[in-house]
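Here you go, one structure.
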Amino acid sequence: MKINYEFGSDNHSGVHPDIMKAIESVNVGYSVAYGDDEYTTSAVKKFKEHFGKDIDVYFVGNGTAANILGLKSVTNSFNSIFCAETAHMNVHECCGPEKFTGCKLTVIPTLDGKLTVDLIKPYLIGFGDPHMAQPKVISITQATECGTVYLKEEIKDISDFAHRNKMLLHMDGARLCNAAVGLNVDLAAITRDAGVDVLSFGGTKNGMMFGDAVIFFDKDLSKNFEFIRKQGMHLTSKMRYISAQFEALLSNDLWLKNAKHANEMAQILFNEVINISGINITQKVQVNAVFASLPKEIIKKIQKKYGFHVFNEQNSEVRWMCSFNTSKKDVMDFVEAIKEAFIK
Amino acid sequence: MKINYEFGSDNHSGVHPDIMKAIESVNVGYSVAYGDDEYTTSAVKKFKEHFGKDIDVYFVGNGTAANILGLKSVTNSFNSIFCAETAHMNVHECCGPEKFTGCKLTVIPTLDGKLTVDLIKPYLIGFGDPHMAQPKVISITQATECGTVYLKEEIKDISDFAHRNKMLLHMDGARLCNAAVGLNVDLAAITRDAGVDVLSFGGTKNGMMFGDAVIFFDKDLSKNFEFIRKQGMHLTSKMRYISAQFEALLSNDLWLKNAKHANEMAQILFNEVINISGINITQKVQVNAVFASLPKEIIKKIQKKYGFHVFNEQNSEVRWMCSFNTSKKDVMDFVEAIKEAFIK
Amino acid sequence: MKINYEFGSDNHSGVHPDIMKAIESVNVGYSVAYGDDEYTTSAVKKFKEHFGKDIDVYFVGNGTAANILGLKSVTNSFNSIFCAETAHMNVHECCGPEKFTGCKLTVIPTLDGKLTVDLIKPYLIGFGDPHMAQPKVISITQATECGTVYLKEEIKDISDFAHRNKMLLHMDGARLCNAAVGLNVDLAAITRDAGVDVLSFGGTKNGMMFGDAVIFFDKDLSKNFEFIRKQGMHLTSKMRYISAQFEALLSNDLWLKNAKHANEMAQILFNEVINISGINITQKVQVNAVFASLPKEIIKKIQKKYGFHVFNEQNSEVRWMCSFNTSKKDVMDFVEAIKEAFIK
Amino acid sequence: MKINYEFGSDNHSGVHPDIMKAIESVNVGYSVAYGDDEYTTSAVKKFKEHFGKDIDVYFVGNGTAANILGLKSVTNSFNSIFCAETAHMNVHECCGPEKFTGCKLTVIPTLDGKLTVDLIKPYLIGFGDPHMAQPKVISITQATECGTVYLKEEIKDISDFAHRNKMLLHMDGARLCNAAVGLNVDLAAITRDAGVDVLSFGGTKNGMMFGDAVIFFDKDLSKNFEFIRKQGMHLTSKMRYISAQFEALLSNDLWLKNAKHANEMAQILFNEVINISGINITQKVQVNAVFASLPKEIIKKIQKKYGFHVFNEQNSEVRWMCSFNTSKKDVMDFVEAIKEAFIK
């Protein structure tokens, strides 16, 4: 039987039609490679409309690269980077951050994927002691890997704390659009305005084919990025095909519409499953993911029809994700399958 | 005035219509991310048709990544990698190979971009001496960065030499298709059959949008590649869009037709400029590039209309490249512009 | 007033007279550099007497190098290394392990610096998943950075667990001699016989001037070490002066006598301070260190006379260490100073 | 038969008695580890007497570490470091510079181990081009690995050239004392006064047991060095034993006397062998080494009695080195053995 992957991850979805159209539309004639083309110039302008004039923006191939290369640009090899234990860069980048930056990841346990100043403080030691990795960056993920979001004020607290300690705030924004929609704010509000210094802005989980952006809100921080990007194997030759995607995503509120739809589908899913006896919702549903724990044997039954990720084997917690092209019918079919698993 | 980029590089061209169509055709429904999808399985099969059954193939984002990650898979940090002074990995990868592998590039001067056993031999020292980087890989580019090609026998000589010395042969095949067409052989003849161990197979310069393949002809060499690819920031989530491109490129002789056309256009260009007094052809025209030296002031004049690369400032040598969608008219217009530059 | 450093660290002490004599005794004539000398051959033999015939031993400059280079020899860049949160390699090697190996340190909180299988198990995830660092090494410190020791059986439990999971057991033995003395066993009992695969054997904290040894109990693991040591900047030219020290340390039970003395002095100190009201002993005193928490203002008073390390600012915990040349009078003077601090 | 190693390398010699005495003299009581001790403070002062007040000096374990860690302090991972093909850092550091800095070594062939501005110029390309490693450091060795020396003016030419191009001048001074003596100048004349920015100052080849110094002539360049040294595994705990050696070497002209003697012995050797038919002196004898080519079978005969290094297999060139404790009788015995090899 064919397995369905609608709820496995938001990157199991395809490319949004408007973005595909944008790709096709730039497929004419010759363009200088490596980003010195008009499409890239235009896409960068579009970013400045959303994030402010004084930013530097660079495109790379994917989110892992955006994280690692952004961090490399602002660290020395003897620094430490603080992140939540659940952070993508800690769990799912195969120690690429350590390998490429040389830095230590200082990993902080959380309940919901969210760092706070109180959680961070005990780890803030060793400044000036040559025996110890020097704290330099705090990295948060918005929305988090647990499907939760930071309020603007929560981000501001962390960035103020970082800056008081001569550290920087990095944000992994693989699902930034979902967070902004969830909070009903614009993209700058929870990045630039909240004191973020370096941002990975992801598009793939929100309808793009490939490509991520690294945004520096302080131009001093980006001065080496072009070299680091090339050395880091992420200077794309036919850049126009990334640029066109971002242009489309950031135009006509497409970023917002896609994220809004995904979030809404997760709400529907949440509302349907919350009352199923045997399912325990483990995280707030603030964006496009539902986290739930349910009996192992039930999980196995559902997985015969639907592929999805067991987030935590120990407490039998699963992650169900919605995307821009999840339909209400998809959700209801999935709920049906879940219910069936409990019955049979 | 608008600058024309037809002859700047083969990656200034766009995406071939058949490849664009292939991309669109897989944009349906959901697929598991990261390569566990049917399109990738199918594309890998296609590679096996061309390169042999016993290979391992992995897709990455671009050619620099293919080179560096392929080399990382077969080296220890204390090894040395031999390459021509003109090699892309030496000149144009911003010391990414050194950074990511830790290895020394042992750089060998050549006249035409081609290594030979005689050129390599004097550098083959230090085996077993812990003070010295341990020779492990010889890397050649086919076609070379100078637009020349290795004959099958020439490759075989080098691979035999490498293997006798317990070294491996790596090939940067960013323009392998052009070389195969230039030599009128199939893709396996100058790779697998000639003793190549690891191959970067490029598609972008031959009509693809993005994506490169790393092919291991000995499966023992690839056992760590999946981890190295992820750590190396090149595990693409929506892999199907790379796979579909390779499927198209390797079907219906598209790889061959595109390369053949590009090579033919270079021949026409060569035939036209060889008789222009003041132009000195500096390399054999064996694939899709013409290398020529001409007076600096003439270069400057031409560059007002056409963007292209000065390959070597010292001898005033330029590189003119053709691609799958260079037209005969493009060539004749360019020749016209060159001639004009000499007159005015 | 002059500050006293007797209890600051066991490496604040000087060089034991027998070791100094050994250094002087080899200062005759010429010896081939880099370890191909008779003194090194002899010292290696001495190691084999203690640790078994089938080992490989290499000398490096210090303990941090022994740890990092030993680990590099047995890992790939995409591996993870498990260690206690208090491990020297996590806290006091300035992320050198991450930088030089590329690996992630998977850091496990403990109460007493000691890992157990139960503590490790929850972190043992991700085998075969390319997104995740691949678990490869468990590293324990004997004696621990908290002054506690692993019983032979406790080590065996961990090594069995490691080997069942195709992992290796690394031991940081900066104070291995103190541990062996504390347990009243020989050096092989808690290393080779307990399933340790790679050992850093330190001498500096037990009376040597400089130098550490990396011991591989499985020769397959050491095949690249000589290259890694040189690339890692730790191939000493005048090796005989390290070798002579180890020869002396491992002869006539000097390693044992020195460690025994240091441990005994710590017991005396412990017995003296345990009854001082306001001092809380925080760790078992099993080797040459006393860990205690006491009021911050008392610490400050004592530190006007004696330099020592505040191990944990949060719970006001200090570390007092004894060494081979701590005298009983030193201890009593120190106790006096502590008592005075409470009174005045 | 016992092989003699008097002429194998200047690090085959032992430790000068005055330096041994200095080591013994600091072996009293307790000192804070890691360099915060009075002996280190005093040794640093001594360095300032020789090299100027505004320097920063740090001690590391050996010359390879001094080179690599000094270079790491002043480079980013995407830089290139220019050096002669014969440079120790290129030939005999097992690609440690590449591994630890990430940089490319741009290797320049020379006839005598000496770089010149004219030799360097053709390699100075790519500034600002993200595809290319960014030139940052020129490294020269004084005296060179070929036994030749740079005049002060020659160094000045290179440093001026470096600074005009926003690059830095690094000097590997493993045999700086021999060079200064050979040129009859003080140590500052051919370092600080000649525009050197970072210097590795070696003592081992001139009578020390272990230890090297990294000197920064611009304090801005050293701001990260303490972290890089620790991360780079070269923060020695019992630092006083390195400091005492440097104190002795830089006092009472010991550095000068030792180097002078070694140079004189090389002159005697040179004068003796120059007239032996069949021996061709291949480099100027300006310090403590004689380079000569002679028939392979003669080399083999001599090597039955004397161990020494074949510098270049291809032209059958050997290196004979003298040290501070080479005696005139040693030289004459060696000459006798050479002559015999030709006769028998």
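Letters A, B, C and D mark the chains as written, and numbering starts fresh at 1 in each.
Please note the rule applied: contacts are C-beta pairs under 8 Å (C-beta built on N, C-alpha and C of every residue); 3 or more make two chains touch, one makes a residue touch a chain.
This is a predicted model, so every value here is computed, not measured.
Between the contact lists of subunit A and subunit D, the overlap consists of B, C.
Taking C-D and A-C together, the chain pair joined by more C-beta contacts is C-D.
Using the average of C-alpha coordinates as each chain's centre, C ends up farthest from subunit B.
Per-chain CA centroids place subunit B at a distance of 50 Å from subunit C. Inter-chain spacing, taken between the CA centroids of subunit C and subunit D, is 33 Å.
Between the Cα centres of subunit A and subunit C there is a gap of 41 Å.
Within subunit D, the positions touching two or more other chains are listed as 77-78, 93-95, 99, 102, 130-131, 134, 227, 230-231, 235. Of all the residues in subunit B, the ones that touch subunit C in their complex are 34, 72, 76-78, 102, 130-131, 134, 224, 226-231, 235. Residues 4-6, 8-9, 11-15, 20, 23-24, 26-33, 61-62, 64-65, 68-69, 93-96, 99-100, 204, 209-210, 227, 230-238, 241, 307 of subunit C are the ones that touch subunit D when the two sit in their complex.
The part of subunit B that touches subunit D in the complex is made up of residues 77-80, 91-95, 98-99, 102-105, 107, 122, 125, 130-134, 313-314.
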